[in-house]
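Input: one structure, supplied below.
Order as written gives the chain letters A, B, C and D; numbering starts at 1 within each chain.
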Amino acid sequence: MNDHVHILVAYYSRRGSTQRMAEEVAVGARSVAGAEVVLKRIEEVQAQDLLDADGIAIGSPVYFGTMAAAVKAFFEDWQFRFDFYPSRPLRDKVGAVFVTGGQSAGGRELAMIGMLAAMLHQWMLVLSGESPIGASAATEIKPIAVDQTELAEAHALGRRLADVAKAMRQGRKIMAMQ
Amino acid sequence: MNDHVHILVAYYSRRGSTQRMAEEVAVGARSVAGAEVVLKRIEEVQAQDLLDADGIAIGSPVYFGTMAAAVKAFFEDWQFRFDFYPSRPLRDKVGAVFVTGGQSAGGRELAMIGMLAAMLHQWMLVLSGESPIGASAATEIKPIAVDQTELAEAHALGRRLADVAKAMRQGRKIMAMQ
Amino acid sequence: MNDHVHILVAYYSRRGSTQRMAEEVAVGARSVAGAEVVLKRIEEVQAQDLLDADGIAIGSPVYFGTMAAAVKAFFEDWQFRFDFYPSRPLRDKVGAVFVTGGQSAGGRELAMIGMLAAMLHQWMLVLSGESPIGASAATEIKPIAVDQTELAEAHALGRRLADVAKAMRQGRKIMAMQ
Amino acid sequence: MNDHVHILVAYYSRRGSTQRMAEEVAVGARSVAGAEVVLKRIEEVQAQDLLDADGIAIGSPVYFGTMAAAVKAFFEDWQFRFDFYPSRPLRDKVGAVFVTGGQSAGGRELAMIGMLAAMLHQWMLVLSGESPIGASAATEIKPIAVDQTELAEAHALGRRLADVAKAMRQGRKIMAMQ
């Protein structure tokens, strides 16, 4: 049985921190056998990129306690440009989120919860990794914007996303044959 | 291939509204071929009930904007009594939540988000149904505590939980054989 | 002592529901003696409108579980165009939020929480009314987009905002004299 | 004019971290002229302690992404034991929250949001400090459970709470005289 699994890692980044996390999520996803991983800025993501994926990770900076407006606009494109609602073609795809933000408890969770809600609204399944909500980096309270612990969290999130998406893909195949 | 899937629907209820929703989540889950559904009050749930399940739905009333303290204490039992952390034996099980609460925007979402966070912390996968976060009933703003639309939402959530948990279970079997 | 209080009601609206709520928030605010109320679309709000206000109410539609991207972009303007951070000139002003959204538990709370977080980040004080988080209308589950109960909630929120902002304004004057 | 202001700092703590934060919130509050500060474990807080306060800060550990069940039970006591709803005698009092939790983005925000929602439900005003939602300490990711930066955040939160509660108290007096 073909055990490929397709993972899309999409991110928005102004100064590079979220991009650095995205790269590591992609590396983590690629560590799963059979994973084919596409890494793109959200500005370049087309409907087909989302439709082709079994697992989707989305990353955003945190501005003032929530995801960047640019990322929210991307989620709104899922309906307003891609016409995903109410048909919900992303149903049962697996989703995960990651963010970077300045302060310690400065909105990283709230940003991630909002992103997960957009995925759940499409009837995606969502998961997290070491932290309850997703992976994140607190970019302003330490010398290096994204440190090794945070990169490890991003790596683990990507790996887990690919692993679960693969299981889900194979399970759906089996059920379709029954 | 054995296509059974085990679903646990656990709830806390003082006046019966959350119980009514729980019953309908269970009916929805049972509508999936091969589903074996256990319906229990959280006070009666043992560690083994959780470990035996492929999918877990948990229901709570909303008090003052968040899940009932009794339900939060149940989630804390996952560590303090059942010792699920950090081993995380619920990993990859599928979770869903439902709540009942008085007012229109009176904490139902916030309660459900908190419940999903507890599941994500255990590395469960979570999903929703018609509403982005879970199924719910607004019990004080209309003549009947739980109306037909809300019961239909509960039913759909239970059905979706069993369907996804079944796919996940079969996918994991395939991957274990490879 | 001059007992004027300045209230800004700013909103984003595509189809009129959020505008309808905004109008009623403004009516509620005007019912407080001495209140001078400005009602504006967020596209027209300048930094000075915010700086002149003692109380600020902001309204948004809910799209996919969070505030509209246009409203999030408005909050980001507080820093990127208006340069409010880190000087925080809105400190101690009183804030409140309102939203309109399609479904029952479809993101109204999560949208409002994100909006309150942006206000708290500026060291504003925030309050709510009948519902814990703010005032809202569920626009898709009933024949009339915004019904009388929801308008009453908007009215009460506007009135409470003006009343509290007035008390805060007078308290600060007294403290400045001591 | 009597410029006293009464502040209650109430906390729940098992291992001392939240207590350490609470002590510093109290020190911050006491730094405001005229502030009389009461520091109590939530187990010892009576209805009168809450009714006597102009400003209330509440602290909790974070367990599995939300406030401790013991703290949620305390908020439920506001209705079930103290009978504060629907009369809402805490109306217009000023509230703030603080938490301690193990991980970086491990539920501190979500716990604080739930606590603020309980306060907003009582028609309290809420505020924050350096972080958008409240003050917090990430107790497991560094050698010292609560470090100097986190204590400074707690101190600033307490000071801001007392300052705003004092302004609010004086403003209400003026309005009552008019």
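Before moving on, here are some points about what is shown:
The working rule: a contact is a pair of C-beta atoms (placed from the backbone, for glycine too) under 8 Å apart; a residue touches a chain by one contact, two chains touch by 3 or more.
Note that the coordinates shown come from a computational prediction; the quantities given were computed from them, not determined experimentally.
With respect to chain C, maximal separation of chain centres occurs for B (centres as means of Cα atoms).
Averaged Cα coordinates give chain C a centre that lies 24 Å from the centre of chain D.
Here the spacing of chain B and chain D, counted between their Cα centres, is 32 Å. Per-chain CA centroids place chain A at a distance of 35 Å from chain D. Among the residues of chain C, those touching two or more other chains are numbered 64-65, 106-107, 110, 113, 117-118, 120-121, 132-133. In terms of inter-chain touching, the protein chains here all touch one another pairwise.
Partner chain D is touched in their complex by these residues of chain A: 64-65, 103-110, 112-113, 130-134, 136, 138, 141, 149-150. Partner chain C is touched in their complex by these residues of chain A: 63-70, 72-73, 75-76, 78-79, 85, 106-107, 110, 113-114, 117-118, 120-121.
Against chain D, the residues of chain C that register as touching in their complex are 1, 3, 92, 94, 113, 117-118, 120-121, 123-129, 132-133, 160, 164, 166-172, 174-175, 178.
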